[in-house]
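Structures incoming, each one as structure tokens.
One chain, subunit A, links the two complexes that follow: it is found with subunit B in the first and with subunit C in the second.
The block that comes next holds the complex of A and B.
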């Protein structure tokens, strides 16, 4: 706040010192001035730290620049980087890993999240407290928690493997969630689902609570069965909220980096190498800056398209 | 909440269905807490207990984890340890029982301080910028308002790694690599979108009549903003600040790519807490627990505003 006070008092003095007629005009004008004065710092910051770098990325994506060789001659390559990204089998493998991760996390989170919301909406005693408990995982740092899950997934000593042995009889030491090509993609799905199901639940709960009671009353009068009420009232009316949750999880998981980086670091081999991990390897391990810039732009355009749909969904929910 | 209670009043679920729903929810909640409980238990285990099979739920608590977290320790011969003066602290005693000596403080506290400085610094800045922009968007006719708001939100959707490449180059050029200021500016740029969207929602809810009355009374716009709108928006500002704080506290991708020492925060540091022969799990768990406690407190404080925060203010209640 302290930065604010100095210009504020100057403006105050100026306003007090001006004659009434001028003051009214200044006041009328100043609304607009204040608007720009208040908005421009945010816009400037975003231009400096988001848009300027983005423009820089676009420029680099047409070159062979390497950040670890700043003095090498920079050659313009045209769209060659884009062509090689889109024809690179490694990139497509990463896209496939991302798709597997996206599909299963969203499916599981939506099913479990919606069911939990539907149950919480029964408003049993103490539902407020238990809802807060359920919400805790989504507030935690995905990186720090992802790191701790490597401990829970230890083949010999981990709690997860012990629980699996306890429940199914499969020996705890006989499998490794992170080390096995077959299980690693599921290891990241489990952790993500554990963390983010509460998010979907919370939004679905808002959707269920937005349905006015008189619709159910009317359905009762018409003797519609509970089953029918669910399919014709509950689900369609909560759908915009479910879509909102799905879209947001979609965008977030498409960008997924922190949890996977610490849990599997893309391994074993490249079985869990989601798009952001590939991008990190290209940009910060192989230092192919031009190439990775092109890849980054392709990812960004995809997310931007999804974000566009997301904002439309937001506005639709808002008008309810 | 009141409308929600009214909403289902006629078709109130039966006692039996409530009982079943409650049971399932409680079971889910308890199961989902197990990893967290395990973190807190492991933090107080001795290294052998932490890797025991079958996993130990009952054990005698020790300070090994905390001691290894805050200190660097090294192995010494029993003869050397016997020649030392008597231990002066708990950690000395704990270390010597395992043939180790405390060699000095570890890097954990500086990293934790970095986390605090960067999280609070960027939160203050993003809330300040956010409340100003939100007020302007809420009260004035701004040309291209919807496009500007979309632009602001879309910056948050950028994949962090994609942004990190040019920011890395730009920061190297500006001398901001691995500095707290650089991280504060970066986190502010990410958080300001959330801050603007959330605060706009809160300010929209304050009736314009309050300010108009103040303007009639001879207040200027800025005075009305400071003396009428800001106090009315206080709850919203606090909720927004907590959301920004949580994001900056939890952030990992930028931190791991753009900081290495000086300005490194806690999340990229924790995975590198290693003891003899791999990760020192009690120390990792102690660090994780210390790192998570503030978030647990904030979650409880925020519970009424969580929904708003995670949907950028679109869904209220």
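The block that comes next holds the complex of A and C.
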């Protein structure tokens, strides 16, 4: 290299490598146009895999289309599919199962997650190691979790039953978590809570760590008790983060499928048949494509509507 | 120079990524089936076809849990993956009506393949659509039915035989009736044998696909259950939920409640094999397809295992048909070669080898051979079973009909919801709705 040669940056390399014809075209474009050029592949992808399927699903929801009868005549049914979904007792039973699952998982994950975050925030010795250990369940695949919890719940060989026997004296083989109508809904709540509490913990921990220390110092100067500090400083300031965690977990659990399907298949009977399992059965086992499209749109509108209301409330809390 | 080199490499990589797969120079057929032991036997058998025809065989095997999803999706999307498909017997109606399978009548006639050479129940069950009409969409490939295995060594224990005889006044032997089956199951339930607590029976209770239906029908049929009025097709009220059918369903629930291992609330084929091989149960309900493997098992096979066909109920002796037919997929680009595979498979000597390797032939040349009953310990029971099989609906809407029965039966038998009559009444309503939508009623 001569003394006069200056190494080129990557941008300068790219400029020099650009063919003249292309360079002339680009020079004529505005900044806005160039920005659109860069994001247009992403927009096209979004249109192809999100917007188009949504529009197509809406269209199919008004027809009698069945994917396993491609040669059959497609008839318009108006809103008949929607009426059918909303008046189907099996659908309402599935929504009830989903609501039970949603309520208890969110409640338990929020309480336990926040408590763990609060403990970890004390920065006790070894808190880094224990934080990593707590995060392990979250890193597993839901399919794997569903599978091995099936073994953990086995009355004869499962650790869960033996743990219950050890702690309560109830014989291990006398109850079946996933085989009992009363216990199966709780079985799936336990597994989901075990798996996703660390996620809530992380979000709450971020919230707790964002609270400036001087606020607590000022409170101590004012002789506020620990409980007072928690109630008037910690909780209000961490609340937006807690609400965000609730929103994410709510959306995820509303569409829960893989873990529940592997654990119970929706059984015993239809006790744990959540909405997404019913939807899958209607769409890909019964092949009632039009009907299941209507069901999917109803679920989408429900989640979208509830999430919108919730986000407005979240924004109000954040602005306080 | 570097600019050109970079552009050249980039172009070459782009072309490679976009280029279609190089087509194989040799001819090749893809056969699709479920991943289980008989499929491995077919791979071995097919080497003969490759040697004779020069056509290489490729196999696409999918576990049973995903079998229906995978291949029904393939057919519905007119996929070209499979040239030959060994599909479930229930798919025949939908596949025939929707044009997924090639109609084989002309091919059979041209090549001298006669359906009268195959067991009638297998022709009706695996090949015909509509049923009982000479319209063939599959060659009977894998005969199967639900049968039972039992621990012959436990049944032979003198102290148990003595106790059983005192209690029931007859020998401890494979049951001839469903009532006897339950008595034997109760006898073994909770008993300690060789230091281990054992249970009476393993029966199907699987919720997700078809398990509990394939199990409960073995009780229902014996109690007189029918799918519809034989004189008036699709008339189900008073037939599906007849008092006899209610008793049959109640029997299956009572067997589940009294005599199964804890935790068997969602169990099908593999769970049964595990339960039997681990020495948990005295008797196991399962498909004949698994019996060769069980007989060879080092722990429970050989002299320790016995077999019996499904026992009789008060209204007759029947068992649930399983098995599959071999079809040519209409979207295949190698139709002629696929048809030649069927022609080869239909030959009597190939069928004999099929049985010898572990497949269940449906050909009379194999099943009617005088040596067949003694060719395997379960062979006679298989013959008996194939003479008394009944099958579930094979309508195009079979999946909806099956899922309804799965739900109603599982709700009652496993979840304990409602009564048997309520379950069957609800099932009739479900099935009537399906057939109304299909325009059949």
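FYI, the second predicted complex is superposed on the first by the 274 of 320 C-alpha atoms of A that agree within 3 Å, B and C clash if a C-alpha of one lies under 4 Å from a C-alpha of the other, contacts with A are read in each partner's own complex, and residues count from 1 in each chain.
Keep in mind that, in the parts below, a residue touches a chain if its C-beta (ideal position, glycine included) is under 8 Å from a C-beta of that chain, and two chains touch if they have at least 3 such contacts.
Bear in mind that the values here come from a model prediction, so they are computed numbers and not experimental data.
Visitor: Going by the contact rule set out at the top, does A:268 touch subunit B (first), subunit C (second), both, or neither?
Guide: So A:268 only meets subunit C here.
Visitor: Where does A:176 make contact in the superposed view: on subunit B (first), on subunit C (second), on both, or on neither?
Guide: So A:176 only meets subunit C here.
Visitor: Which partner reaches more residues of subunit A, subunit B or subunit C?
Guide: In the superposed model, B touches more residues of subunit A.
Visitor: Now for A:122: first (subunit B), second (subunit C), both, or neither, which partner does it touch?
Guide: First partner only, subunit B.
Visitor: Scan A:74 for contacts with subunit B and subunit C and give back first, second, both or neither.
Guide: neither
Visitor: After lining up the shared chain so the two structures overlap, which partner does A:164 touch, if you call subunit B first and subunit C second: first, second, both or neither?
Guide: Neither: A:164 stays clear of subunit B and subunit C.
Visitor: For A:279, decide between first (touching subunit B), second (touching subunit C), both and neither.
Guide: first
Visitor: In the overlaid three-chain picture, which partner chain does A:32 touch, first (subunit B) or second (subunit C), both, or neither?
Guide: A:32 sits against subunit B, while subunit C stays out of touch.
Visitor: Let me test your reading of the model: by the given contact rule, A:235 touches which partner, first (subunit B), second (subunit C), both or neither?
Guide: Touch partners of A:235: none, neither subunit B nor subunit C.
Visitor: So which bits of subunit A does subunit B touch that subunit C touches too?
Guide: Residues 67, 154, 156, 158, 261, 284 of subunit A touch both subunit B and subunit C.
Visitor: Residues of subunit B touching subunit A in their complex?
Guide: Against subunit A, the touching part of subunit B is residues 4, 6-11, 13, 17-19, 21-22, 24-26, 28-29, 32-36, 38-39, 42, 51-55, 128-130, 132-133, 135-137, 140-142, 148, 150-155, 157-170, 185-186, 188-189, 192-193, 196, 220-223, 225-226, 246, 249-253, 256-257, 266-268, 270-271, 279, 281, 284-285, 288, 291-292, 295-296, 298-300, 303, 306-307, 310-312, 314-315, 317.
Visitor: Please name which positions on subunit C make contact with subunit A in the complex.
Guide: 3, 6, 68-69, 72-73, 75-76, 78, 94, 97-99, 206-208, 261-266, 396-397, 399-400, 403, 407, 410-412, 414-417
Visitor: Considering only the defined contacts, which subunit A positions touch subunit B in the complex?
Guide: Spelled out, the residues of subunit A in touch with subunit B are 1, 3-4, 8, 11-12, 15, 27, 30-32, 34-39, 41-43, 45-46, 48-54, 56-57, 60, 67, 116, 119-127, 130-145, 147-149, 151-152, 154, 156-159, 162, 172, 194, 198-199, 202-203, 206, 209, 211-213, 216-217, 220, 241, 244, 248, 251, 254-255, 257-258, 261-262, 275-276, 279-280, 283-284, 289, 292-293, 296-297, 299-300, 303-304, 306-308, 310-311, 314-315, 317-318.
Visitor: Help me check something: in the complex, which residues belonging to subunit A touch subunit C?
Guide: Residues 17, 67-71, 90, 153-156, 158, 173-174, 176, 178-179, 181, 261, 264-271, 281, 284-288.
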